[in-house]
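Sharing a structure with you now.
A, B, C and D are the chain letters, set down in written order, and residue numbers restart from 1 in every chain.
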Amino acid sequence: MAGFFYPRTASGRASLIPSPPWFYSGDLLTVEYRTDPARVAELLPAPLSLADEDPGAVALIWADWQSCSTSREELLDPVRAQYKEAFVVVRCAFEGRTYSRCVYIWVDKDFAIARGIHQGYPKKLGSIWQTRPHPFAQAAPQLGAGAVFGATLAAGDRRLAEAVLTLTGESPANGFVNGHPMAHHRVLPGIGRGEGDAHAELIESGASAFEGGQAWRGDVELRLFDAPTEELARLEVHEVIGGYYRQVGVTWDGGRRLAELPSV
Amino acid sequence: MAGFFYPRTASGRASLIPSPPWFYSGDLLTVEYRTDPARVAELLPAPLSLADEDPGAVALIWADWQSCSTSREELLDPVRAQYKEAFVVVRCAFEGRTYSRCVYIWVDKDFAIARGIHQGYPKKLGSIWQTRPHPFAQAAPQLGAGAVFGATLAAGDRRLAEAVLTLTGESPANGFVNGHPMAHHRVLPGIGRGEGDAHAELIESGASAFEGGQAWRGDVELRLFDAPTEELARLEVHEVIGGYYRQVGVTWDGGRRLAELPSV
Amino acid sequence: MAGFFYPRTASGRASLIPSPPWFYSGDLLTVEYRTDPARVAELLPAPLSLADEDPGAVALIWADWQSCSTSREELLDPVRAQYKEAFVVVRCAFEGRTYSRCVYIWVDKDFAIARGIHQGYPKKLGSIWQTRPHPFAQAAPQLGAGAVFGATLAAGDRRLAEAVLTLTGESPANGFVNGHPMAHHRVLPGIGRGEGDAHAELIESGASAFEGGQAWRGDVELRLFDAPTEELARLEVHEVIGGYYRQVGVTWDGGRRLAELPSV
Amino acid sequence: MAGFFYPRTASGRASLIPSPPWFYSGDLLTVEYRTDPARVAELLPAPLSLADEDPGAVALIWADWQSCSTSREELLDPVRAQYKEAFVVVRCAFEGRTYSRCVYIWVDKDFAIARGIHQGYPKKLGSIWQTRPHPFAQAAPQLGAGAVFGATLAAGDRRLAEAVLTLTGESPANGFVNGHPMAHHRVLPGIGRGEGDAHAELIESGASAFEGGQAWRGDVELRLFDAPTEELARLEVHEVIGGYYRQVGVTWDGGRRLAELPSV
C-alpha cells in the first residue's frame, strides 16, 4: 500500500496529500495584540505553560497561498495549489524553550485540512479573504506606506473576524508571536465509547527553509465576533501591538516528537 | 482541556465535532457492481484479505444527510447539520469474518471530514448531488416503480461518477456490500521526515441503532471518470448488480479496536 | 440564433435557462411579521402604493427547491435542478388591485438568478439553509405539532437572518403576504454613463398551476442582522404574525406586462 | 428609489452593484487559436457578420481580478472585490468596423454576473483557476521566460477547459482578438409566454482607461471538453496562435448603443 495520507492504494496516487516536503509562496497579513493571559493559558494543555514574556500576546494571521509538492504538478492544476487561511497563534513554554502554537485555524481546501492533521494545526473550513497588492492601482494597494488592506474570516455562515491594516513604513519583522518553532498536539480520540485518546503526542515543527521580502508595519483596526461553535472572540483584544504585511516563500519538511502524551 | 476533537479548549465548545453518539436521517442511493477482484485486493492492506464470496463486489453509495449530536442543536442551524456524501464500499475478510470497508469517500462539510478521521473513512471534499423524492411531482420523483433518480460526484472541478437509477419494484434490502460492520484503518504518519506511521490501528464500527423504510430496487446506468488524483475509475464496472433507494435513520456510537498495526 | 436566455447559439443548448414553463417541487418555511409601513413604502416605486390592509406585513420565506424544465433532464443532473432561496415579500396596490412583491431575494445557483432576471426577482447569491423533515427522527423533525425547524440566511460571509419555527398545529394556509400575483419591476440601466434605464416595465406573474400539502402553523423566533450592502434589517420586526411550513408543487409559465415605465 | 441595479431602495445601499465607473486590477492569461469560421458565424446574430480578417480567431482568457467602485470600499471587504473569470472572445464586423465580442463567460461572484448583465457579457457561474506569479519561487512561477502557468475552467461540476502556458519571451501585446471595442447584445425575453424579446439592443463598450505591464508570449497546450449545457467545445481548436500573460489595470465607465434591435 502506497500513499502518504489516506486513501492508501497500490500506486499512492489518490492520497489526499503527497509526502513532504511541501512548498509555499504567499502573502501574510499579520495582526498582533494582547489579550488576558488567562485566556491563553486555557488553550495550553499540559505539559505546556504560558510563555515567560508577554504571555498574552496573540497573532491573528491571514495567508493567501500557492503550494505544491516536489513534483510541482499542483501548480498546473491550481485548484489543487491555491488556498487561503486565517489562524491564531500564541506562545507557550515547554522544557525551558519558547514555542509558537496555533490554537485556531480555518482554511478553504481539503488538502490543507489534511496537512493540518499531519502538522497538528486544528483546521476547520472557513471563508477567508484578504486584499491583494497589485502593480496597477486601479483596484489594489501597492506595497508601501499608505497602502490599506482588509482581511475577513467567516465560518458556518457567520463572520468571525475582520481587520483593516494601513501600512506606515518598513519593519524589521512581521511580528514576533509566530516566530518560534510550533509546539502542536496531534491527537486521535479512541474509537471506543468514552475512551480517552488512542494517540496523543506533542510535536515540534517549523519551516525547513524560508525566504521573505521586505516586511511592512502598519496601523490596525480589528474586530472579533462570537459564534456558537467558535471561541476566537474569547481572546479579547485588550491592546493592539501592530500589523504587518510580508510576502514569503516557505518549505516544510517534517518535525520531531517532543513528547508522547497521555490522553489530553 | 475539553472537547472531543480539535481545537480543544476550556469549555470544549469550539471542537469541530462533539462527542458521539451521532444521529443521522437521510436518503441512500446505492449502486452495486462487480469489478476485477484484483483491483479490490489492491485496496486491502494486511491483515485484511478478499472476502470469500463475490470478492469483486463494489457499492457506490450517495447519501443526503441531516445529522446531529445528542443536543440536537445542529438541527436549528442546519449549515451544521446537512451534508452530502458519495462513497465506495468493498468487502474484506479479517480473522474469519466478513467486513465492509469504505475505500473512497467524498463529503461537502468539514464536520463530516472530522467524523471520518475518527471513524476511519478516508474523506475528501467533493461536490455530491442526488435527485430528491418529493410529495409533489412537478419536479421530483415519488418513491415507487418508475421513479428515476440521478446522482453525480465531482472533486477538484472534475466529474468522477454519475449514475441514473430507475426504480422497478420493492426490494428486501438496499444491497449487500455495505451490510457488514466496517473494518477501517486509522493511521497518522509520523511527524519526522520519512518515518512510518506514528499511529496505525484497524478498527471495527457500525450503526448502534438503525431504522429503514421500504427499500426499492432498480435499473442502473453508471459511468466512472478518471482524474489525476483519484483512482475510483480503476474499480472498473464489469457487471452491474443492481441499484437501490432507501430512507434511513442511523445512530453511531463508537466502535472497537480490532488490531494495533505496524506502519501500513 | 436560438436560446431563451443568454448565451444564444445556433442550437440554444448553452442558454443559461431553457424556455418556460418551469416546474418546482419544494418545501416552504414562511415567517410573517409586521414592520413600519413607511419602510415598506420606501420599497414601492411609482406606480405602486401601499396595500390598503395591513400595509406593514412582511413575509420572509425560505424555500428548498428541486426544479426543471419540460424536458425534466435537469432532474438527472441535480446540480442543475436543486437550489435554495430566501426571499422577502411585501404587498402593494396597483390600479385598485393588491399584489405581492418580492423586495429582496438570495439564491445559490446561477440558473435561479437568470430566472429571477426574467421574472423580476432581485436575486443575489447567498447561503441558505433550512431544516428538512424526514421519515426517520434520528436527526430530523416530522411534519406535525411539536416539530422544530431552523432557517438561516447569509451573504457576503455575514449572517443576515435566522429563524426558528415550532409547529403548533394545522393551518388553512401558509400565510397571506405572498398570496397575490407578483408585481415586479424589470429594469436594465442604460449603457451610457449617467443614462436612466434603457428598459423598465412593471410585470405581473404567478403560478400557472399549484398543488400544496397540508399547511402547518407555528411559533416563531426571528432575528435580522445588518450588513453594509443589505437593507433587510431595515424592515424591523415589530410584531410576529406567525410561521408556516408547507410542501408544494408549482408551475410557472410567464406573466404579462402591467405597464411600461419611465426610468425608476 | 435609488440604486444603480436591483434591488432599488430609498438609499440605494442594497444595489447588487454600484454605479460605474468600475475599476479593475488583475492578471490576464490569454490563449488564442483558430477554429472553423462557420462556428464563429453561428454566434453572431444579425446585424453582426464575420470579421474580414482571420475570422476564425478565438481568444480564451482567464482573469484573476480585484475590482471596486469609486468609493473603493469593496477593497477592504475583499469578498466583495475579488473574483475570477474565464471568457471566450471572437471578432465580428458591424457597419464596416471590427469589434470584439464575448460569446461565453463564467465568473465566480454575483456582482460580476450583474455587471455582465449591464455590459452584455453572457455570464454564468463557474470555477476558474489560474496559476499566480509570486516573488518567491517555492510554489510559484516568476514572470519571465520559462515560467509555466496552468489555467482551468469548470461549471456544473464538469471541467470545460484547461490550458498550460509556458512563457518564451516578451511580446508587444497579449493577443489581438480581444483588442477591439466590444459589440454585445443586451436582451431581455418578454414576460408573456412565447413572446419575443421585450428588450434587445446592440451596444458598444470598452475600457475608458487602461494600463498594462510588459506582455509575455508563450507556448500553449489547450484542451476543451464537452458538457450537456455548454457549447465551448464546439469552437474546436484547429491551430493555436499563441499564449500571453499580462498584468493590467482597467477602468470601465459605460458605453453607447449601436442599434436598437428586433427580437433576436
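Please note the rule applied: contacts are C-beta pairs under 8 Å (C-beta built on N, C-alpha and C of every residue); 3 or more make two chains touch, one makes a residue touch a chain.
The structure presented is a predicted model; accordingly, all values stated were derived computationally and were not measured.
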TODO: Check every other chain and keep only those touching both chain B and chain C; list them.
DONE: A, D
Open item on the list: Taking each chain's centre as the mean of its CA atoms, which one is most distant from chain D?
Closed with: B
Open item on the list: Give me the superposition rotation angle from chain C to chain D, based on Cα atoms, as a multiple of 5 degrees.
Closed with: 180
TODO: Between A-C and A-B, name the chain pair that shares the greater number of C-beta pairs in contact.
DONE: A-B
- [ ] Could you please state the distance in Å, as a whole number, between where the Cα atoms of chain A are centred and where those of chain B are centred?
- [x] 30
Task: Centre-of-Cα separation between chain D and chain A, whole angstrom - done: 35
Open item on the list: Roughly how far is chain A from chain C, centre to centre by C-alpha average, rounded to an integer in Å?
Closed with: 40
Task: Multi-chain contact residues (two or more partners), chain D - done: 77, 79, 127, 129, 152, 157
Open item on the list: Touching residues of chain B toward chain C in the complex: what are they?
Closed with: 23-26, 65-68, 72, 74-79, 81-82, 127, 129-132, 134-141, 148-152, 162, 164, 209, 211, 213, 247-251
Open item on the list: Which residues of chain C touch chain D once you look at their complex with the stated criterion?
Closed with: 1, 4-11, 13-14, 16, 20, 42-43, 45, 73, 77, 79-80, 103-104, 109-110, 113, 117-120, 122, 124-125, 156-157, 185-195, 198-199, 201, 203, 205, 228-231, 253-257, 264
- [ ] In the complex, go through chain D and note every residue touching chain B.
- [x] 127, 129, 152, 154, 157-159
